[in-house]
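Sharing a structure here in C-alpha cells format.
We call the chains A, B, C, D, E and F, going by the order they appear; numbering starts again at 1 in every chain.
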C-alpha cells in the first residue's frame, strides 16, 4: 500500500516538472534558493527543518507542513521534540492552526513516529 | 446516508485521539482552553459561537468554519442571523473569503437550515 | 487634552476626505457597504460590533480594532463582555494578537471603560 | 472527459445558486461589486485579471487563483506573461505560495496553455 | 521641507546598509531577486509595479505599499489607474485594507498625484 | 540614553498591568501558557526562541519579533545563527517580511550584536 508520505513525494516530483516547464529565470532562482536555504550551516539541519515546520504551521499550508514534517523526521526529530515545536506554533498561531496540526499528527502517527 | 456534518464530527473525534497521544502539557492546556473559552458567560453561547464563526471565516479555515457553523446551529442561530454574520466576515475579509462562504452555505442549506 | 479616541476620529475624517477625492465608483460602493453592513438587523448593533471587533483582532489591524472598540463602547459593551470577546480572538488568532490586545486595552482603560 | 476548468465552472454556478438563496442585501451588493470591479476601465481587462490573480496567489486561495487563471486565459495572457506574474507573487508571498503555484500551473499546462 | 517619500527613501537606504552587514548568502540572493523580478520583460514595468502594489495592499504592509506606490508613480500610473488597482485590492482583501489605503492615498495626494 | 530594548521592555510591563486588570480566566490561562511554552524541555531554550522568532517574522508582528529577538540574544544566538533564521523566515514568508527584518536588524545592530 502506498502511504501518504510516498504519494506526496511522488506528486511533488510531477508538479515540479510542470513548474520547470513554465518558470522564468526569477522563479528558477527562487526555487534554487528554496533548496539551499535549509542546508546545514551555523544552525544544524534539524533546527532549520523545525524552523521551516513551525513557519509553515503558523502560515497554515498543509503541503508545506507535510514537507517539513518529513524532513524533520529524516533529521531525527523525535515525538517529544515535535510536540514542543507544535506547541509553539499552536500558541503563536492560535486555534485556527489546530486542523493543520491534526492532519500533520495523523501522518506522523501512521508513518513517521518512532521509525 | 452519512451527511457532511456527521462525517466531520466523526473524523474530528478520531483526529483528537491522535492529538492526545502526542500532545505535551502545553498543547493539552491549549486544547482545554479551546473548549472552555466558548462557554456561556457575560456573553451568551450564541454570540460566542457567532464570534468563533466570523473569526474563522476571515482567517479562512474550512474546518474551523464548519465546526462553528454546527455550534451556531445548536445555539439556535437562524438563516437571517447567519446571513448577517457572513456579510460582516465577507466585508472585513474580502472576496478571498467567498469560496469558504460557498462551502459553508452548502452544508447549511443541505443539513442545518430550518432544522 | 485630546485623547487617543478623539484624535483617531478626527484623523479618520480627514483621511476619508482624501479617499473620496480619488475613489472610483467601485470603491465608493465598497465604502457605502462598509457603513451599512453594521446597521441593526436580525442581529443587534452590539453583536455586530463585537463581530467587527473580533474579526479585526484576529486579522490584526490596530485602526480597525480601535474603530470597533469605540463602536462597541457606544453599543454599551461592558468590560466583562469585552474580555470574553478578546479571549475568543486571542484563542483563535494566537499570541501574535497580544500586542494588539495590549494597545486596545490601554485605550479602553484610559478613555472608555465604565464611562 | 470533463476537465478541471469545466468542473470548477459548473460547481461555481451551483454554489452561487445556494449563496443567492441565503444572501442578505449587504452580501448581494458585495457579490455585485465582485463582478463589476474587474470590468475594463482605465486599466484594461488583462491587467485587472493579472491583479486579481496575484492578489489571490499571495493570499493563497486555490479557488480564487483558478478563477482568475481562467479569466487571464480568456484575456489572452500568454505563458511568458503568466510566468512573470507568478514570479512576483512568489517573491512577495514567499515559498508558502509554491503549492498553490503548482496546482495552478498544472491546470494551465493541461487545459489552458497555448489554446 | 522633507516629504514622506524622500524620508522613506532615505531610511530605506540606511536600513539596507544594516541588512547587508548581517545578511548570509541566502538573504543576499533573495534581495537580488527582489530587485530583478520587477524589471521590464513580457509584462511592462507599469503592470509589474501595479502587481507589486496590489500584492502589498492585500497583504497589508505599509512600507511595501509605499515603495510600490512610488514606483507606480515613476512608471506613469495616473490617479484613475491607481483607483482601479486600489478597488481590486479593497475588494479581494476586504475592509481590513482600508487603513492602508488611507495612508497610501494621503501620500499620493500630497506628493505624487499629477506631478 | 534609553535604548529601544529597554523602552520596549518597560512598555511591555506597563501594558501587562493593564491586561491583568481586565483579563478573564480564559485570557489569564492563555497568558500563562505564553510564558511556559518557551521553557527548556526536549528542545533547548535557544531552539525554542528561534522558533518563536521565525513564527513572529512570517506572521509579521514587530513587537513579537523584537521580544523573541531579545530572548534569542539572551539564549546566546549569534549573528550568523540569526542570519540563517532570518533567511528561512524571508524565504517562507516572502519579500513582504523585509520591512520587519530591517527593523529587527537595526535593533540587533545597535544594541544586541556581539554584546
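Convention: a residue touches a chain if its C-beta (ideal position, glycine included) is under 8 Å from a C-beta of that chain, and two chains touch if they have at least 3 such contacts.
Here the structure is a predicted model, which means the values were calculated and not measured.
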{"item": "Third chains touching both chain E and chain D", "value": "A, B, C, F"}
{"item": "Self-contact between copies chain E and chain F, residue sets same or different by half", "value": "different"}
{"item": "Furthest chain, CA centroid comparison against chain C", "value": "A"}
{"item": "Identity of the chain that, by mean CA position, is farthest from chain F", "value": "D"}
{"item": "Whole-Å gap separating chain A and chain D, where each centre is the average of the chain's CA atoms", "value": "27"}
{"item": "Centroid distance [mean C-alpha coordinates] between chain D and chain C, Å", "value": "31"}
{"item": "Chain D and chain F, separation of their C-alpha mean positions in angstrom", "value": "37"}
{"item": "Where chain D touches two or more other chains at once, by residue number", "value": "24, 26, 30, 33-34, 37, 41, 55-56, 58-59, 64, 80, 83-84, 87, 90-93, 95-96"}
{"item": "Graph class of chain-chain contacts, one of line, ring, star, complete, other", "value": "complete"}
{"item": "Partner chain A, residues of chain C touching it in the complex", "value": "58, 90-97"}
{"item": "Residues of chain C that touch chain E when the two form their complex", "value": "12, 15-16, 18-19, 21-24, 26-27, 30-31, 34, 55-56, 59, 61-64"}
{"item": "Chain C to chain B touching residues, read off their complex", "value": "33-34, 37-38, 41-43, 47-48, 50-52, 54-59, 64, 78, 80-81, 83-85, 87-89, 91-93"}
{"item": "In the complex with chain A, residue positions of chain D that touch it", "value": "60, 79-80, 82-84, 86-87, 90-91, 95-96, 98-99, 101-103, 105-106, 108-109, 113"}
{"item": "Complex contact set, residues of chain B against chain F", "value": "24, 26, 29-30, 33, 36-37, 41"}
